[in-house]
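Letters A, B, C, D, E and F mark the chains as written, and numbering starts fresh at 1 in each.
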């Protein structure tokens, strides 16, 4: 923009320009106005959904900063801003084309950095190409965020970030292409509206694989089977993170309607907002009630996990459920959290923030539940999809983790772990005055 | 001169301070400590896993007093800090060879 | 959505579908395009306003987490996520119909769980029915948030949450029906644009009633009339909470225009944004100046309360004031805070976060001030409304509080209060490494 | 609004009213619908961009609260909410007219409080006048936020706030008028899309001038040239602040397109979102790599500064760069941070949060880089602009700082500084239980 | 009776506590301290500037023991806290004139 | 051997440490404490209500020294910590029966 004033004289708006300069524009008809308004509305949905999901990066950062011990908080903050940055670039370098260009019912798209229409040019199609890229990119980043929480407090910085680069540049896009890129699973009729499986389970499998290969934090599981919890350093930050994620989820699920240009789509997006919220509410309340019933204390971290599990559960199908079903689907997420968290501890799988129950298990549940409310879904196809994603992600992640382990090592030394990653790798303590 | 060191329950601090002031103590120093003793720690549950907290929050009071005041001060602490429940804490008395007030360089009794 | 790729070929947008399939659509005329665009804009206003107000739940959580002592911070976080979840479900089970269905100038709507149009169907009216529900639901949750701050640090978890269920399922919706549901007060010409009274005073009365029945925190008011402040554990979290609430208020007041589909409504929403902001600015500056003048120190918690009091004050009428009036109305909110906070202490009413001056007193002020700038308003009617809401909410809340007190008890035992609710009821300390 | 129910019967929307009452409306044509939809879209862009930028006030507050020592955290929170409030009022009292009314190629606009069209009236032009004011106001507040971080931990409250009043009421608006108000620099062809210079460098120069006049914090620079870092009190809050700023930047840069009403503008806004994000990613990654290479530790505060420097760098031209250029422009921001932070320490200029490298240096870089991607730009003109802004802001700020110093004094006494501003000026400690 | 004060590395605390319990110690009091000694602090880098951290985090254990138990307790602490690396810490022994259990007013050995 | 315990103002810590090092002290242990004494706490205002803060932040330094060094060390602390204003703090000296360096098991003077 040349300056900000001229515009108020009405000259800079394309809409107005189009009227003033009929030569370069097609005739203005009711249809053309409708189409262009829908274009802007759809683009708006992607941009608004996109910035909401972008903000989930802050949500994950706060959730994880709150749930690790204070000696690793700076590192967790660093990993989160680092991973979001890497995802943002890798998804341009490789991801988007791999996921969306020329998949054609197959298993992978094409290798190419993505490019957008030039500045100042009208875009083909029913929304701005760039807005779609932005929206898909933040989904990719979310997948990486899931991993960072599980492997916290013991993984070294750079190997983690390299894993993120591969995950966001290759693994997630390839996996995504199978369904959202119109690949083979889409052809089979597999359904995953906003990514219970594509985003959350993929992230969850990568996290689980990492957690197993990496091993538990020192001191968590005693030789005698005794387990020592390592409580998180700040419950309010974890709570804040959860609320930010909840907020972002309206963008995550609502934006996945992919259209907002008319009565029907706008109404559907509204339904999605409601179901997303109800599922989260169900997850919270059920996990609270279960904690009270079983343990006589209502662990707030389980309520936070319950909210997220409710959200993940509804993500595969946030549109078709009626309110009661939305609550029920989310509530099962809450049940999963309460039982899977201790179960993992029994298996000595050390998941620092509960990402595996929340994203992986609730993601599977949500995907399998789609046919309960969407008659286009088939349980068999859903199971095939879930299994295929499991197999691919576990194998691909394991290869990357093992290569990293063999080459540069992935785990901080015992001394470093004892001292905290902040002092050694970051050089900056999170709370220098309170330690 | 003696140094009285008392480990008490945190909530008794204010009461103990007042009682000590009452018997003529003019200064004391306090720190947060964690105690292990007969009063066993409690079992907590974090994310569904039980664990034992061995250490309980306590407050340590250090009071340097003249010999003459020692017994009165000890009694005052006992009186103010006692709840009768396990974990009320301990009082330890050690001999003080010297005391100095930094501001004035006074030593001995005058420094307290 | 089947997959995310097809859409870019332009087939999935309803707008485009409508063009491709004229059979199922009405003819596309300038009027139909205008109507449908307005529908989407209005729906957008509700959804955007709605997610902004939803995020206020995080604002309240942070404000309260910052203003309670560290031994009760986990509990405060738990209560906040719990209350939002309960409100979200109760407003579906009972609230919305009680508030909006068949009030007809009366005192109450109908008892029924609400339901929405099916997925994929066009909605009647000028906005999506679901978007409106979502927007009204988050208002209901706000009312409950107000209570939690006042009664913090001593109320037991479950009785509090049961109170919230009654408040959000019955008390608030019935109260709301009188005005926004076109009940008797609306018939009389009572004005409350975005809820200075309906939301903030109702929440405030419920909080005040609770605070009195519950009694003050142990140690706050000495036998000798001496009062011992119990300073909050984290000023930056309280500040963050305040800024989040301020942000959310643009949705709260702006969305209450209820329409965004044309020049006039869009311009009015802009005015509302401005006035909302100016009132908050006035509240901050005046409370800071007064603190400096009276106490020679500028207590930051009073500046935060001043911002919120300014916001509550303008909420009853954020459209008609000119800038100077908006600043003045908000400034009076700042004055209220500075004088009512110590006054409550004199009355030994223990309001942990200052919700009573901020929401109740400034809410009353804002409601009474409406006729200053809106010629449709009458001081008498405003007073009648304020009084009616006071009477109803005090009586209804008191009944619920007393029933809870008589049955399960509402107050944590002395020991539990001394130890902190976190250790006993939640089982998780907020800052385990710094205690 | 009279009540919230009637509307659902479709009567309250202006769009619908217009149809029902043809008498007061112009005929509904495709053109009129297009124009009005564009009006609403443009207004929406300002309001949405505006609330995102407003939230940056919270971002600055958290960033600064995290980077000062705990004894000054309450003060930093107070200053941030205070400065935003003052900016919000001063920009109405003086700022907007000075910046946008009657500049006419000159150096300054007119002295007048701004006023808006009445409630309920249609606005001329292609967007609501008030929405534009709101959007410009939050930019003004951002400028003030930049200063507060640099001069933290030693400046007294009231002199700081008076400086803010002059900065936001006079200095920034006059500077802004030169370009965005269509003043002399705009006439020369100076380019600054969203304010690398107008906002960030102006704020940066004011901060630098203040830091020099104020002197360094006691204890930071020893007599022997030894320097003692004074690490910030909370890395997670600083991280949160950075993420909030990043989020807000989509509004900052995206909104500066100033139009969203058609395919082209919506597509351009999308491009801006992407470039803004890529530049920040580049800034983060480059600063992390450099820190690893030079210091063998990856200081998280440098990564946070890197993100912000990337964002500031792209702000002068977020539309024209292609992805690679956007990454490069942002990456240079990351380089600047890593080298300028220690350089300032060598010069004994004490910039508490790194605002000078981030906002001033990266702002200059971003402004000079415009001609690299925008053929309308000229390096010479960009240099003239940067120099003019430097000269004006340094002189104007220095005058204000010196007057304040001579009259009321700007610096807290040694004792107060040692004790912390919180105890003495605010009276409230930020973390009373952990000190 | 003696008061044993040990400054140890934080990570040895649990082990020391267990070992002490093993030799018959029934109570102890712990606090967080910062130590300066031969184990020099480390150089840190904050925002590109080097600085030296002189003080290292340590844990202080205070155990009041009967004369008979003193040597055993000292040996137990040494055994449990020793890593052989610089900075392992110190043990100091001072004479205790008296001890009181606040709950029961027992004094001397019985109070421990 | 003696244990010197000094309660000083927090801002004097670095200076005291340097001065002690100057006279030959090779190690010390520091903790954050709260002090009550002649320097009365101050009145604060929180949300419009006045209240008295009785305890002021202080730092406690513990230095174990050989007899020969004791007076020098005490003097060094006084010299470095004195501001002349009320609240400068106190120094207490107690007798040390033994000292052990955990790393090497050295005892007595050699352990310091």
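To be clear about the criterion, a contact is a pair of C-beta atoms (placed from the backbone, for glycine too) under 8 Å apart; a residue touches a chain by one contact, two chains touch by 3 or more.
Being a predicted model, the structure only gives us computed values, none of them experimental.
> Using the touch definition from the top, list the chains contacting both chain C and chain D.
For chain C paired with chain D, the chains in contact with each are A, F, in label order.
> Any idea whether A-E or A-B has more C-beta pairs in contact?
A-B
> Taking the mean of the C-alpha atoms as each chain's centre, how many Å separate chain B from chain D?
Comparing mean C-alpha positions, chain D is 53 Å from chain B.
> With centres defined as the mean C-alpha position, give me the chain D-chain F separation in Å.
47
> Between chain B and chain E, what's the gap in Å when you average each chain's C-alpha atoms?
Taking the average C-alpha coordinate of chain B and of chain E, the gap between them is 18 Å.
> Tell me, which residues of chain B touch at least two other chains?
Residue numbers touching two or more other chains: 31, 44-46, 94-95.
> Enumerate the residues of chain C that touch no fewer than two other chains.
Expected reply: 30, 33, 37, 44, 48, 129, 231, 234, 240, 295, 297, 299, 301, 427-428, 431, 434-435.
> Going by the touch rule set out above, what shape does the chain contact graph take here: line, ring, star, complete or other?
Contact map by chain: other.
> All pairs of touching chains?
Taking the chains two at a time, the touching pairs are A-B, A-C, A-D, A-E, B-C, B-E, B-F, C-D, C-F, D-E, D-F, E-F.
> Using the touch rule from the top, collect the residues of chain C that touch chain B in their complex.
Per the stated touch rule, the residues are 418, 427-428, 435.
> Would you pull the chain F residues touching chain D in the complex into a rising list?
11, 44-46, 57
> Using the touch definition from the top, list the residues of chain A that touch chain D in their complex.
1-10, 12-16, 18-19, 28-30, 32-33, 36-37, 39-40, 43-44, 46-48, 50-51, 54-55, 57-58, 61-62, 65-66, 73-75, 77-78, 80-82, 84-86, 88-89, 92, 113-117, 119-123, 128-131, 133-134, 137, 157-158, 234, 237, 240, 424-434
> Can you check the complex and tell me which residues of chain D touch chain E?
On the chain D side, the touching residues are 227-229, 231, 294-295, 297, 299, 301-302, 338, 341-342, 345, 354.
> Quick one: in the complex, what on chain B touches chain A?
44-49, 51
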